[in-house]
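Some structures are shown below for you to check.
Both of the next two complexes hold subunit A, though its partner changes from subunit B to subunit C.
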Partner chain A sequence: MEFRNTRQGMAWLHTWLGLILGFVLMICFFFGSLSVFDREIDRWAIPDTRFEPQPMPSFDDLLIDVYERTLPDQDEYDTLMPLYHDEAQGPATPREQLPADEYWAYTTHRDPVLRMGIGYRVPQAKNPEEHNHIHANMTIDPRTGADIPDEQLKIGSDWFYPLHYSLNLQWKFIGYYIVGIAAFFMLVALVSGIWIHRKIFKEFFTFRPDKRPQRKALDMHNMTGVVALPFHFFFALTGLIIFASFFYLPVTNTLLKPLHELHEEIEATTTGLPHQRAGVAAPMASVDAMIVDAKKRWDDRGMAGEVGFLMIHHVGDANSYVSIYRAGSDRVALVGEGIHYSAVSGEMIYEDPEKSFAENAGEFLTGLHLQHFEHWFLRWLYVAGGLLGCVCIATGFIFIVEKRKQQHNKAGSQDSRIVDAFAVTVITGMLLATVSMLLANRLLPIELSNSELINSDLVNKGTWEKIIFCGVWALSFLHAVWRSAPVARAQSNPAWREQAFAVGAVAALAVIANWLTTGDNLIKTLLLDPYMAVAGVDISLLLLSGICFWAAFQLPKKHSENTEATQCNQFSG
Partner chain B sequence: MQSIFWLILATLLMFLSMGWFALSLSAHQKQVNQSAIGHSQKPKPAQFKWVGWIALLLSGFCCLQADHPSMAVLVWLMLIACSAFSIAMILSFRPWWLRPLMSVLCMFENPANSDSNKG
Partner chain C sequence: MTSLWIGFREYVSPVIATFVGGYLFTWGFTSLVISVCVFSGFDFHTAEYTGFLLAFPVFLLTFFLIFLSSYRPAAYLVSYGGGTLMTLCSWWLQLLMIDTGGI
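After this line comes the complex of A and B, so read on.
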């Protein structure tokens, strides 16, 4: 392929990158935007958890009981025990008797519920030096210690949030790699986009609604791409940075593994935090007293705060120690200022030193993406930035289709039809799947989660919600393909309008269903008994509904304009 | 409470800044108002750019008053994106809403002319 100049080459690159990876990026941007309020969506989806955010509860009075009554996850035990256990040393330790090796608990200023976890060690392991852990993860009501059943899917934090970085495709971590490739090439697409857009500053504010659809789409694509360029660039980059060491460049677990392990041992010697268990049982001192001391030390350093993350290593051993980290709700970086205590004596062993410039820079970059800070205004600005990204990608698709469908019509090609059907699927289809899942969440009976009649994952309410999400999305694709014939004649696909109507209707129904099933309507959640997490989701759904109805009513008009334009072109041709 | 005040001020200044930057471009000046202010009284593009830059920097100062610098820089960058988009939408659908931004500058340039324009 030959190009007359670099700009033409960049245009080709930009078009094809957008066409191939834009569909993935659309999912990343949209569900990334929803993830800004993932905890709030969880509150909407699980009405039992609609209470105020709570600080870390007492370890001595409450958390220890939860840890002691919890058992390892059955599925994980069945999968990992045969891999870790050395049959030559005897029969496998029963699930109920696996000893705990580490405890953790994590909360933020937005969490009414508390997430906790346990890592159990395998006593007769094939490789005792390895990290042979079988886990249990649980969520509790921190006021009472009662379990929040995992069968009720946390739609925000356990479905929408992982969707934006892994596409929820867990097989061989393929979703992480697809998203990583898309994010990397998005950076390339941004550079090539800037290169081909000659009038960046002159057309910074330009959108001409009275022009043809192709021109309008290009104006909107350029504008939303340029005004939020720092956001697009930094979120693609920091997304790559966050997963680089785990998935994309996992040198610490592969090439540099011996060096990594040696470094851990040297670090343990330097800090005084034991690297291995001593093998001698020992009781645990009061963790609450350690928390009081940690808070006093943060206060003395002029950074009073709450506990965000708590971890106990080598549980029940003489080498056990407790790490307490401050919640990072008042800054961009995540948890930090760790203080470590001997779990046996309760004495402070080590206080994390001031971080280097490189460490601070790294924490800033990951923190700005993961946004655990308590800054509601900035969170909404992030949502706006993410949605601008969605508009940029969506208008890119529309531009490609509008630009080529006239030529394809004359050539008798079906290519525009395919691209248009995919575009419908990842724009209105994705919205329809999302609101359908929320509506299903309110309509499916909670008894599905507690059914004792059929002990199968398929009766789990959360699983049905996932099936509905994927099913509706697949149907939207079939619908878009079925209705795409007019695109081959250089006209609009009626699926845009029909799916927009469907999104508007389902979003409004989800709000009504929430009212009828929980009694939480907007008058109550805004005025009588304010609960902004639920009110915010309801208002966003109503706003989406209104926009989709408006767009649906606008689309027929555009369709006729298109048709007129096509006819004009045909006459002039 | 004080930080809310600074954030509102930062948003307002950023909005004004983007508005003045838009008005420094002749195409957008025409969109906003061709008749209300005579050609000879129209401020020069450089003047719009100057006040735009000043408002942009003042907005940054307000962000710094409201938050820690690491947080303030994020708020400031995101405000640029959202304000620029808002101004672009206003220019597309309600351009006359930006007339006051032009009038303010005319008023400072020549108060007498500005008064006569009102009539």
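After this line comes the complex of A and C, so read on.
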């Protein structure tokens, strides 16, 4: 592969890497945009949780009861116990008798419900030095301590949100790696895009709606690429940094693991926070009293605030300690200002010191990506930036298809059909899968989740919602392929128009279904009994519906063969 | 089949080789930055953050330098060889610190 000059090499990279990985990036950007309001989508999907956000409830009066009544996850126990347990030391500890090793609870300014978790230790472990934990994760109503069943899928935070960084492909974490590679090549595409578009300032102001689709698509691609360029670069970069130590560059968990472990041991001695259990049972002091003290200390430092994250290490042991972190809703960086107490005596052991420049920079960047701060306007700007990224990628696809199908028509090739079908699938197909899942959420009976007659995942409402999401998306691809024959004749694929109509209809139906099944219509959620989380999702669905109907009417029923000469081919190989 | 192989050899394999070379170089660079920082007396987490903040810009730069290089074998040699060398150096520094407890 030889290029005449650097610009030609950059153009090749931009075109082909953008085409191949753009499909993944489209998913990342779209579901990343939805994730900005993941908690609000959860409220829409689980009507029982439509109440105001709550602060961290009392540990002594409420949380401890939840921890003590919870058991380890059955599936995780079945999978991990044989891996962790040393048969030579005796029979495995039954699930009901696994001892808890750590408790945690987490909330934000947008959460009515409280997420909690327990890490259970395996008493007779093969490798006692390792982190042999089997977990239980639960969500409760913090006002009463009642469980919110996990079978009622949190569509926003447990489906859309992980979709944008893992594609929900958990096998060997393959989804994380695919997204990581796509994010890196997003950076490559951005740099190469700047390189090949020399007149970047002029292109920012150039949009010619009266020109042919190919030219319009390129203008729109350039404009959206330039206007949100820092946003796109920043999000791809920080996404990589967030997962660097776990997946993308696990240097300190592999090559430098001995150094890391030595550091942890030394840190435990300097901070006074025990690295290991003592092996001596001890009761727990009042955690509520520690929280009161932590809040006073934050107040003294001029940063009064609520608890965002609470963690109890080495539960029930003489070395147990409680870490209390402040909710970072008033700052960009994540939760912080941790204060640590002895769980036995209740005395403060250690207060996190000021962070170094590199740590502050890292936390600021990841905080900007994860946006735990309370700033609604900025939150909407994030959505706009993410959707501009989708438009940029989508118009890139359209430009390539429009350009190639003219050439392929002359050459009698069918290659454009498959690219066009993929483009339909990740644009209108993705939207159709999303709104279909929301509609299914409102139509499927809740009894599916509560059935005690048949204990099977097949009667789980959340599972059916996932099946419908994936099924509709797969069908949209088959539909796009089936209807793609005109593309080979340099005409438009009717699937664009048909799927746009379907998205418009299903999105509107989802709003109506929400009204009929919960009584929450826009008059109520906006005026009579305001609840913006639900109103926002409804308004977004109606906007989407309107845009899709408008687009469907704009698209030609049957596109005549475009005989104009191809003029915009300087950027494609 | 032949055209597929030619396509792979001409277009796909250089991108994969460039990506792997860039990654290996970045791996070595990051591990060396972290171990040198810790060796110099910086806190481990500060060293870790410093390494990760620098890693991806370095990866991006290395990727472009290899891909656009006029003589790619030399670029492969520098990236693969340099990455391996830096990895070995950081491993050696780590052993030195653990042996002496100098962290």
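Observations on the structure shown:
Following the convention adopted for this analysis, the second predicted complex is superposed on the first by the 554 of 573 C-alpha atoms of A that agree within 3 Å, B and C clash if a C-alpha of one lies under 4 Å from a C-alpha of the other, contacts with A are read in each partner's own complex, and residues count from 1 in each chain.
Please note the rule applied: a contact is a pair of C-beta atoms (placed from the backbone, for glycine too) under 8 Å apart; a residue touches a chain by one contact, two chains touch by 3 or more.
From a predicted model like this one, the values you see are computed outputs, not experimental measurements.
Subunit B and subunit C, once both complexes are superposed via subunit A, fit side by side. Of the two partner chains placed by the overlay, neither subunit B nor subunit C lies in contact with A:302. Legend: residue contacts after superposition of the two complexes on their common chain; A:384 is shown touching subunit B, with no touch to subunit C.
Of the two partner chains, subunit C is the only one touched by A:362; subunit B is not. Judged by the touch definition given at the top, the superposed model places A:223 against subunit B, while subunit C stays out of reach. Our angle of interest has its tip at the CA centre of subunit A and reaches the CA centres of subunit B and subunit C; in the overlay it is 90°, to the nearest 10.
In the superposition on chain A, A:191 makes contact with subunit C only, while subunit B stays out of contact range. By the document's definition of touching, of the two partners only subunit B reaches A:207; subunit C does not.
Of the two partner chains, subunit C is the only one touched by A:6; subunit B is not. Once chain A of one complex is fitted onto chain A of the other, the partner contacts of A:373 are limited to subunit B, with no touch recorded for subunit C. When both complexes are overlaid on chain A, the residue A:330 reaches subunit B alone and has no touch with subunit C.
Note on subunit A: of its two partners subunit C and subunit B, the one contacting more of its residues is C. Taking every C-alpha of subunit B against every C-alpha of subunit C after the fit on chain A, the minimum distance is 17 Å. In the superposition on chain A, none of the residues of subunit A is touched both by subunit B in one structure and by subunit C in the other. Taken together, the subunit C residues at the contact with subunit A in this complex read 10-11, 14-15, 19, 26-27, 30-31, 34-35, 38, 42-53, 55-57, 59-60, 63-64, 67-68, 87, 90-91, 94, 97-98, 103. Against subunit C, the residues of subunit A that register as touching in their complex are 1, 3, 6, 9-10, 13, 16-17, 181, 184, 187-188, 191, 237, 240-241, 244-245, 249, 251-252, 255-256, 258-260, 262-263, 266-267, 356, 358-359, 361-362, 365.
Every residue of subunit B that touches subunit A in the complex is listed here, in rising order: 7, 18, 21-22, 25, 27-28, 67-68, 70-71, 74-75, 77-82, 84-85, 87-89, 91-93. Across the interface of their complex, subunit B is touched by residues 202, 204-209, 223-224, 227-228, 230-231, 330-333, 364, 368, 373, 375, 377-378, 381-382, 384-385, 388 of subunit A.
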